[in-house]
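Should a chain be cited, it is by its letter among A, B, C and D, assigned in written order, with residues numbered from 1 in that chain.
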Amino acid sequence: MKKHLLFLFVALALLTVLAACGGAATPTAVPEPTEAPLAEPTEAAPVEEPTEAAAAGGGNYVLVPKNLGNPYFDTANTGAQEAAQELGVTVTYQGSSVADATEQIQLLNSLIAQNVDGLAISANDADALVPTGKEAMDAGIPVVTWDSAIAPDGRDVHINQAESQGIGAVQIQMASDLAGGEGQIAILSATSTAPNQNEWIGYMEEELKKPEYSGLELVATVYGDDEDEKSYNEAMGLMQTYPDLKVIIAPTTVGIAASARAVQDADKVGQVFVTGLGTPNQMREYVKSGAAPQFALWNPADLGYLAIYTLNAIATGEIAGEPGDTFEAGKLGSYTIADDGTILLGPPTVFSADNIDDFDF
Amino acid sequence: MNTTAPTNQKSRSLFLTLVRFRELSIIIFILLLIGVVALNTPAFLTIENFRNILLNISILVIVALGQMMVIITRGIDLSVSSIIGLVAMMVSFTVVAFPGVSPLAALLLGMLLGAILGSFNGVIITAGKVPPIIATLGTLSIYRGMVFLYSGGTWINSFEMPDGYRALAKASPLGLPNIILFAIAIAIIVYIFLNHTRPGRDIYAVGSNPDAANVAGIPVQRTLFMVYVISGLLAGLAAVLWASRFESAQTNTALGFELQTVAAAVVGGVNIFGGSGSVIGVVLGAFLLGTIDYALILMQISPFWQLAAQGLLILVAVIVDSAIRRRLQRLGGAGEF
Amino acid sequence: MTTIHEENNKLTPQPKRRSLDFFLRWEWLLVALIIVVILVNSQLSPYFLNLRNMMRATSDYMEMGLMMLPMVFIIITGNIDLSVASTLAMCASLLGYLHIQGVNIWIAALAALLLGVLGGALNGYLIARVKLPALVVTLGTYAFYRGIAYGLLGDQAATGYPPAFTFLGQGTLGAIRFPLSAVLFIICAIIFGLVLHKFTFGRYLYAIGNSEEAVRYSGVSVARVKMIIFILSGFMSALAGVVIAARFGSTRPDVGTGLELSVITATVLGGINIFGGSGTMIGAILALLLIGLMRFGMGLVNVQGQVQSIAIGLLLIFSILLPNAARQLSRRGLQIQRGTAVSALVMLALGGFFIWFFFWSRIPVLNQ
Amino acid sequence: MTEDVNEQVPIIQMRDISKSFSGVHALKNVRMEVFPGEVHALLGENGAGKSTLIKTMTGVYQPDSGEILLHGVPLRFSGPRHAQQQGIGAIYQEPSLFPDLDIAENIMAGRQPTRSGRVDWRAVYREAQNMLQQLGVGLDPHLKARNLSVAQQQTVEIARALSLNAQLLIMDEPTSSLTLTEVEELFRIIRQLRQSGTAVIFISHRLEELFAVADRVTILRDGQYVGTRAMSGVKTEDLIQMMVGRQVNELFPKQEAPLGDTRLEVQGLTLSGKFADVSFALHAGEILGVAGLIGAGRTDLARALFGIQPAQSGTIKIDGTAVEIRSAQQAMAQGLGFVPEDRQHHGLVLPMSIADNITLPILPRYASAGWLHAKKAKRDASAAAQRLEVKSAGIAQKAKELSGGNQQKVVLAKWLETQPRILILDEPTRGIDVGTKAAVHQLMSNLANQGVAILMISSELPEILGMSDRILVMREGRITGEFMRAEATQEKLMAAATAVSPDKSEEN
């Protein structure tokens, strides 16, 4: 019994060393955390005042999506990297595999621990991330949210891709065109607590109260959790439960593609239409097949681009991040922080068969 | 139906006949459920719905059959969901990288990779003497971690997949979608293997009385190793069908699916202590779970109560199952009935 | 739980020479591993030995720790409880649901704890009185309790808990910001440790784990003991649910998914024999610390969450595989029959092919 | 009965077989020969070494010394499977079959005939059917083994051994839980086996069974070979004399104890299938011996009195007042103690230390608000162990590392600490060395003197006669005799224990 415990101890020690450095060598496209030329790592006494970001570039920002692998967020990352080149800063793209608040918090905790210079977050849960957001800001790390906000006291600024009310209105308007002004419509959303989703659904419901949409009847709201399979099943479920459903509105890129595929598989193209927010590459096939004749979106690349510029503006002290501050965002021109602490990217663009081919994201 | 039993014994009480055909009690359970649902929403009783239920449970049947074989030998395989996730990602990457690869080749590759992952379980459990629940709990998180390590987090989306691969699951050249045909074929093959081949019968013997199996010259260690390889192989096959049906391979594909396969087996009458379980039982168990999920959506009961219904069903099945077995013991024990 | 009694799996060596054996116990191995992890990680990332960072990371593991304490009791008696994470979600969701209905938060918390006790009691009744296998019962309640959580909150998220309540989960003490939830965990750990090692109840647990029949023949009510440990498990899961609700400041029904597997991993890694009968509370706590430090360290070098669980999975398997291999080696020496040599080669070949294919087949897509 | 039995070469010869377990001699220079087509009985009291001898024949144990010859060729068995391949089949008391498989598969498990890779089910059922036909049994091969009665399961095991073309079939206590008709059925099968040249070793306590079916009998006593007789030339008394043979020279330290008031009174206690309307009284200071054969229901009676397996009907009175005993706690509360037959599984928690075992039933005594005063408990435990002279490497040593005798002393110490007013002992001295036996007997006698009421179940007649003030004899779950100490003799007890009572009715 004795000697085998020594044998075990040596083997396991090896194992941990392997796992630990194995981890460091994982080929995730993350450059080695540059030895921040800022104040050397705080040993014992935690330095309270915000670390002065060295003016000479080298700022180490992190773009945190809801979950990795999602084409929408990948496109936002390309925009963010473009902004990084222009500003001469480094932007790492890190996220959890599941669109889940717990894992996002653990990731953010370790990023705060690494004393990064700025965080651009698309939040999985507006309230659960407030304590983490506060913690980052206390540690002198500016927090900018984009696409999906953290509640105000957990962030500096929120970049709204398009004014929520506008997004809600355009989707109902598209649904009405497709349904010919009357019939049953349903909403397939992402996760049940995604702040942006609930905001848009709220405005959609308001829009529906307008007289011109009196013929439309919202029969159900279901949740696909930004997972392809779940969204697909929920869409199939909707079509079975409501045989004479006319339109499915999916204000999420994952949901809209899955619904379009579900419509095709249930061979109800032409009978049930799909609209909402989707990326051209993803929806090109369904626009051509007629399952999703038109949908709207904004360019997520611009969203990523603007998020990094805003973050850099705050980090370098160019702006304080208070309402009323204005700053230049490279190719997108100047932006001013509205009094509710948000910045508006711009109106959504509507894609349809005729203009889908001039976009590639 | 395995070995029918022409009972020339004295006439037995209804209880005993019910017990002999455990599958009978599941069928009654299903009919009751369909009856209730049909009353509530008559639209339920259509071929269309029946086809959809079959579509939903095909993958569950394939993997639950592998899980059954493992449970019969008194083991359990919690790693099947991660094997599905890993094989789905690897095969999808391969198919996207080499569009020339035929869907059939993709299926074979999936089965090979699944079998290898299953064989790792086999080695750890038989040679390493690690209890099955701990071994497969370990490989559950190891294989799931490897999915992310492999893909670096990127997904394979439907527009990147070659058409043949996407059509594999849903195309219905023979009337029914392929995926249902695969499930039926696997069920038949497993039925023949378990009931008509020596290694198949050895699985039951090892699960029923391992010591007696040893004395009878049955290769117990080899049989145990074999069931984990088969479980992995079937999970590999299911992985390719999964990627094809949902036209995507994500890092969290099939997360948490393993407990569904155990539920289908337990509800299907597979004895958790090993030794007994039938292909028909597992198919019916999966069908019962599938009908529950489908009925809840149909009856507009909020989908949120679906999981609760499934959990309650497993509990009820287990309680009824043990009550039957205990009554059997008491009857058996007292000699003649 | 497979109830075949595996003698050779007991890890605590026979007390031949008191002094040397004291240092060859499993717990010292965990201490050694912890030291290794600290040394390695402090080289890898300058932010590892930062007390503030460590404290912040600790609060991520306190719910797991609270649920691990009763799990040690349950596994020592040779049983298992797969429903702990679902109980946590069910009780947190009840708390959220009542909060939304305007019920005072502290009453809602009490209700949540009571629901946990009820959940544990159902498990206990089916396992102790109806004598069903623990694995299957808790598999059923795993789905049933998670289902109730979804039924209670559905797609809403309960938010806006009063600050006095969220302080329980987010509050910290002193300059080093020691998390309040860690204080709660330490107190509970001391209580559970004492009960296990210093109270009569603890001795009954070890006795039942080693030979349930002999305990029944000694006039001890085995059913009552089992009932108590499952109720304890329900209560602690509910307490963890309250803490996680406070820590997040919001509750959703999918909270804590998969946590039960981490709790079982930590317990078994702590040297608690899965077939019952041996293991110490200190071992389990050290295992929790080891896992926490490993995950924290790997996080600092940007190892993604799922990839971290590879290391934890390997540690779990090898912590049982290596003692078995060593024992077989010492008992049977190195004479390997021809048959095993051949099959070992085949396995190596298959493994080699898999690893090659694993790294080769991913290159084309990643380079796109 | 084949006449020229000596010319033929014996199927199996055991020459000077010895085997001992941690110092205790189970077998010493035992000889036995069995010829083809012969039914050879093996007779001896419990613990005489019968099952050890059988286990050496079936390769479960390796003999320490001596030789086993098969068809005249010396052989060492590597394990049960090796013995089986050499044509030696064994049927134990509890048949070990595959409960989930049907009869045909149980017979053909591991070697089902196959046709082009697939199991040839017709051949399997044909082979099984003709095996059963050979034994003249009309069982349906499709029945699941789990649903069969013990007798039917035994028949399947015999069929299985035959299909492995066993030349020697060993039956260890096959008739212990069979009804009369089932015993007759078994004898018919055994006679049929003899016709076909298969040798049978038949072990049973019931002498009338040996006369009915056996050709010769070998008698063992205390692990030693006593003799072999042809059944035709021997009388029951001779067999009993050879079995119990030794003069009752062992000094049993039983002094006369003053008979106190009735402490335990049992009226019409019944548990279907186990025992029926058992009634007796037990007085303070009295040792009541309960004799009988395996399967007489004595252990079930003890388990019922102690609440492990409560009886279905009948009353139990302690000190005159009727009590309800549904669990071991209630039994202990009424002052009952129980030293169980199975030391290893029911008496002790083997991996735990001596101290922990001794204090297990009385832990509440050392607890204040749950807190365990371990030191005090350890002190009392070592005192208790000292009193019983338990030889060990210290109180912290694990119970599983002790010899059989010392383990029994720990169990006794454990129950003495509970200061029982009524102590039940089931086979208290089985399988332990002679020295410890005497110490246990001395202890029992002292306890009786101190007024404890003792119920002692034992299969060793000398122990029963030497220790009991009064003796009950049980058979088939009923009390079939009561003798005072003075009038009791081994022969009377054995006769009461073995005579098949005329009013044998269908049991269940």
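We adopt the following convention: a residue touches a chain if its C-beta (ideal position, glycine included) is under 8 Å from a C-beta of that chain, and two chains touch if they have at least 3 such contacts.
The structure presented is a predicted model; accordingly, all values stated were derived computationally and were not measured.
With centres computed as the average of Cα coordinates, no chain lies farther from chain D than A. Annotation: B-D is the more contact-rich of the chain pairs B-D and C-D, by number of C-beta pairs in contact.
Inter-chain centre distance (chain C to chain D, centres taken as mean C-alpha positions): 45 Å. Separation between the centroids of chain A and chain B, computed from CA atoms only, is 36 Å. Chain centres here are Cα averages; for chain A and chain C they lie 33 Å apart.
The set of chain C residues that touch two or more partner chains comprises 14, 154-155, 257, 304, 306-308, 310, 314, 366. Of all residues in chain B, those that touch two or more other chains are 148-149, 151-154, 251, 255.
Chain pairs that touch, as defined above: A-B, A-C, B-C, B-D, C-D. Only residues 3-9, 16, 20, 192, 195-198, 200-202, 204-205, 207-209, 211-218, 271, 275-276, 328, 332-336 of chain B touch chain D when the two sit together in their complex. Residues of chain C touching chain B in their complex: 1-2, 4, 6, 8-9, 80, 82, 126, 130-133, 135-137, 139-148, 150-151, 153-155, 253, 257-258, 261, 264-265, 268, 274-275, 304, 306-310, 312-314, 316-317, 320-321, 324-325, 328, 340, 347, 350-351, 353-354, 357-358, 361-366.
Listed in rising order, the residues of chain A touching chain B in the complex are 26-29, 68-71, 74, 95, 97-98, 222, 227-229, 232-234, 236-237, 240-241, 243, 257, 261, 265, 281-282, 284-285. The residues of chain B lying in touch with chain A in their complex are 43, 49, 52, 56, 148-149, 151-155, 157-159, 170, 246-248, 250-253, 255, 297-298, 300, 303. Touching chain C in their complex are the following residues of chain B: 74-76, 90, 93-94, 96-98, 113, 116-117, 119-120, 123-124, 127-135, 137-142, 144-154, 156, 251, 255-256, 259, 262-263, 266, 272-273, 302, 304-312, 314-315, 318-319, 322.
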